[in-house]
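First comes the structure, then the notes that go with it.
Per-chain residue numbering starts at 1, and chain names A, B, C, D and E are given in the order in which the chains are listed.
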């Protein structure tokens, strides 16, 4: 396992970023970095600004101030649809699947940026489009196998149970072949066994595909067991960072977030 | 609210007998499930994703029709009265309210209006006190009372969803994963409140939860569902001692306490429950 | 009286009719989240029904207004009960199409029942022209402006103080969860249809009194639609006011610019306003967050 | 029915259909359509011709509203532009009909881009009303166009010779419409199964998520307008050739509504739905006519002058009844029937 | 034997707007045709063959007209058309009708394309709207010399005819035109138009609306107290219009080529209709019933002349020979080989608010 190495360039570097919504400062002067092949967690109380930080990193919202550097490139100039092209994949806290599509279709949309054929070719659907579509299907089937959702393949996602949908979200993010994966409370709504599955997937994603992972999680077991490093947000600002053990012992984190019986 | 006459105290607050639920005329999501919730008890319903827990809750609240589902067989009694054919508002009037899965707030309404909508069946004079109660339970919402609910963070939304259901002063509260997306500190508070609601107001609670250790700690009785069936039931204490439950729901190995997530074996496959 | 003022005032009269219909669109939208394409037809059917009743009874002005409101409400409730109720909880576009089907049916019912020939909706005294500061206005025109004002005030009160207002918005936001909260969607929808149909009925009756009773009255629905958009689909009061705005605007454009521009003026205004406020002047913003 | 799991090669997953039955039926249907002019009388042939060009227009709307979820109340605007582009092309500019036909796709497509711009900011009904405004402006402009557009009079167009084939006979014109229609069906089917189509559907279901997957909303919304307008424009040209006159009166607002009715009754967002919807909506009045005339003079006596109005009441009620019966539209009914057929008597 | 003709029966057809608001015109017209059919059947039919009428509804939409015309010709196999719906509709249907060669009467609205150049099998009864307007404005200009004029017209082909006729009259009579306005079809409120008319100082108005529009214009004139003579086309001369205008109709003029209901000929016709139509149908009668009756009569006349061997060619030829046929609903009509437009004499009419009707002006 390759833990951050000082000379390596970070996959992601967030520098003094803030985001305001009207009067609310949802994110306040936050800086963080994710090194290659690292699993980093972002934790904090409800409404601390974690999801908003994800929204800034994945280009859903523009920051009010500060810089976000992804693999050496300032993302300020990118259009929001370019982030996926650059290799940032994410899942959504409140599920944002394409409800009327099947699981396979959702995953194929995840591969959107990898298609090269033109619109005109699409209308004819012969030659290159066919080849690319076949190739895409192959990749998608591999992800389905990897996530063990074969039996859901042709179901419409609106018919899936909550936890199943979360898995499809993960698959869709993976289909994009990202270099940085943002997971927003992916294990919420899963039981222990399923959490273990997701934990296993997350480790495999990092170890086998070499993808860096930044995750938001309220489940302390998952955070403690998987993360290389942890950042803690409260009221939009960073209040602590470090290894899981360091953070778990931090009195500020205990007071604001974990509570006394932190060692569940 | 506790004044359930002793004569009928023996009939459970909610009784589900052998129901079968079918979606779209073809997908059988729940098979032959029976369960009982006695007045003043907390009953937990556990199970993996897709086991059919939410479906059971939808069935007892009368909202299956919205998803093209129907109760094919079996019966449901709420306070001794058959409700399997009743529409949702009627069931609420009988005293059962559900906090639906995935929050489902009225996104365009403010937090306060969401709470008001929850109190639709109550008289005007009770509103202020009910709102106070919710704001005391979730102080985080006080600042946000006039924020449009759609803009709240996930956890804040969950708080509103629970608060909204409490506004109707139900006799029986059905909660679908109330701790979903809440910070540990808040989760602890929620479970405390749930316990308090039962102890102090005598509220009956049906709880679907993934946080098995907490759920089993506070419940009086629990059912475990797999693949649309109830496969195990017992008091919280009994289940916590069950080896399978310990391994699959609590993450405790028989030897050295909690298993580390990283140590989970790749070849481990989900165990099929017998029966 | 100046040309400008005359244009404005007569614009208010037709604008008040648009405003009433626009409000009726907004009421149903706000309560159920659908656009009722049969709104104009409801107004027309109410106008014809009221005409039959009023001429039989020999009703005067105020009685006619009451007849219009009651007839409108009853017709709205009937349509809701028979046609819309079974569609509760179905996909929005399917429900909208049902209202289009309803429109076709209502339109034909009117011609079957009353024929295609126009009639005069005679109410004693309302055709009289009053002299207001040197400018002639018909009693009926003043009446419809007053009606709009009353409707605006009434709905302002209703939405502000009635718990029903919150219930309506809850149903529009998420019908199924609203039911989970004990809100009877059927009742909300029924009330909304009654209110909307009464509003449209009022507009229809006044339109018929001023311009004659003919089976083209339903076009009023289409004419008022832009006003609803301008005000914001979910803003009942905004829609009412926007009706006036569009009425006046059309008259000013007709009065000062080439007359062909009159009809598209409203649309141009909408395009401009929507570019600045994509949810209408008073509408609620769409929630966009993940 | 699909036996989904047993695929040998990935290539089998991207074909339009893997069902033998569907393939066989398609061949039969196509052969029947090809031979129709030999069997059908002129009136029924004309009826099928109307279905064919209406279907092309419905497919245009399917791309915009069905796939992308952008509701259009101004579809008739594109239809009108296509018809006028063709008519002006052949009569005023003296273009060869083939080129004018291209123009009938190209001109609306350009306007589609313009109308698409508000879609970047507006949603739902607010967008719908701008498309409505667009169609009003188009008809106002055409009426104000003087001699060039024929103003209120319109332009008479004769059936052309295309690629050396004379289309003036009803049969030839039918085959021409059939060819265009098959082309339009294939194009929309292909679009739907390509990444472009998936991007459009993704925008409909969740535009923010689509953006995060790398779908450029600007590009794809405009593309949806462009493709939709082009297909619809061709339908307009076909309609112009059919009724042999283009005038603003031939394109009432009602056509926009009827187009929406077609795709909703059929089942939103699917090509099969558009086909079923078109057949249903176009044929229903004729079916009622046949029914009423079947009942003969008795009915006429019964209803005297209201017979035709009663027909339109029935038409409206039929739409309502269908949606009440199955809000997913005819496609939903179709799937249920197939489902029942395959699984009966084992229901689950 | 020609299609639509059997030993005992002749099938004829008409295509009209029978639903929706334009049904006001279509249904009434259809009743006139029905009465003519009933009348000829009561007299034993045409050379012993009974006439049967099939009516098709086009809702006043051109594409539906084409479809309906095809259906009547090829599926119902009618022998002839007694009527073809409005201008744009007729124009759309013309290629099909021309190609078929089926005898067709065009008595509802006429336009130049129908008779100039003459089409072998198409015969129009009535006036090109522009000519009627020209006549009306000229007659009014004679009555009210030296007035400044305004014209308001609809934005479609009908409005174009009104404008054309108005311009011709204005040129011939050297009228001073101070305001020309065009409104969009379907508009209801005319307050700005009328205020503009007043503002421009106009002292006479050609109101080119259909029905409700003209009523709205005259009522606006009354409201703002601008009492000027107004010309309207005969399209709006249906019973309700005088009533709708009420006292505002005081100065309203029109021309028409069918007799007034109150004239002796009109009364006789009403009596005749009473024999053949039901009680529910009678209230739907208006001037269009007169036109329908006249055209059907002319057609039957020609068919009758063909004897037992009834063919299209013969009927077309006989129609071209119709001379001074008195139908009783308008002045006698004639066609010739080079003139397929029968233009009966136009009468100047003035609204009579007191009697809620129109009366002839000498």
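Following the convention adopted for this analysis, a contact is a pair of C-beta atoms (placed from the backbone, for glycine too) under 8 Å apart; a residue touches a chain by one contact, two chains touch by 3 or more.
Chain labels with UniProt names: A, B = ABC transporter ATP-binding protein; C, D = Branched-chain amino acid ABC transporter permease.
Just so you know, these numbers come straight off a predicted model, no measurement behind them.
Chemist: From subunit C, count the fewest steps through touching chains until subunit E is reached.
Modeler: Minimum step count, subunit C to subunit E: 1.
Chemist: Quick check for the class: compute each chain's Cα centroid; which one is farthest from the centroid of subunit C?
Modeler: Using the mean of the C-alpha atoms as each chain's centre, the farthest one from subunit C is A.
Chemist: Let me check something: if the centre of a chain is the mean of its CA atoms, which chain is farthest from subunit D?
Modeler: Ranked by distance of C-alpha centres from subunit D, the top chain is B.
Chemist: Centroid from C-alpha atoms only, then distance subunit A to subunit D, rounded to Å. What do you get?
Modeler: From the centre of subunit A to the centre of subunit D is 41 Å.
Chemist: Taking the mean of the C-alpha atoms as each chain's centre, how many Å separate subunit B from subunit E?
Modeler: Whole-Å distance between the two chain centres: 74.
Chemist: Rounded to a whole Å, what is the gap between the Cα centroids of subunit A and subunit B?
Modeler: Chain centroid spacing, subunit A to subunit B, equals 29 Å.
Chemist: Go ahead and note the Å separation of the Cα centroids belonging to subunit D and subunit E.
Modeler: 36
Chemist: Name the residues of subunit A that each touch 2 or more other chains.
Modeler: 51, 60, 92-94, 96, in rising order.
Chemist: Got the subunit D residues that touch at least 2 other chains?
Modeler: 140, 143, 208-209, 212, 309, 312
Chemist: In subunit C, which residues are in touch with two or more of the other chains?
Modeler: Residues 107-108, 111, 260, 263, 290.
Chemist: Considering the complex alone, what residue numbers of subunit E touch subunit D?
Modeler: Touch residues, subunit E against subunit D: 18-19, 23, 27, 30-31, 57, 61-63, 66-67, 70-71, 73-75, 88, 91-92, 95-96, 155-160, 184, 278, 280-281, 284.
Chemist: Which residues of subunit D touch subunit E in their complex?
Modeler: 41-44, 46-47, 50, 140, 143, 151-154, 156, 158, 239, 242-245, 247-250, 252, 254, 304-305, 308-309, 311-312
Chemist: Along subunit B, where are the residues that touch subunit A in the complex?
Modeler: Per the touch definition, subunit B meets subunit A at residues 23-24, 27, 46-51, 54, 101-103, 140, 151-159, 177, 180-188, 210, 212-213, 248-251, 258, 260-262, 264, 266, 268, 270.
Chemist: Which stretch or stretches of subunit D touch subunit C in the complex?
Modeler: 71, 118, 121-123, 125-126, 129-130, 132-133, 136-137, 140, 143-144, 208-209, 212, 253, 257, 260-261, 264-265, 268, 306, 309-310, 312-313, 315-320, 323-324, 327-329
Chemist: Given the complex with subunit D, which residues does subunit A contribute to the contact?
Modeler: Those residues of subunit A that touch subunit D are 58-60, 79-85, 90, 92, 96-101, 105, 108-113, 115, 117, 119, 122-125, 129-130, 133-138, 141, 153-154, 172, 176.
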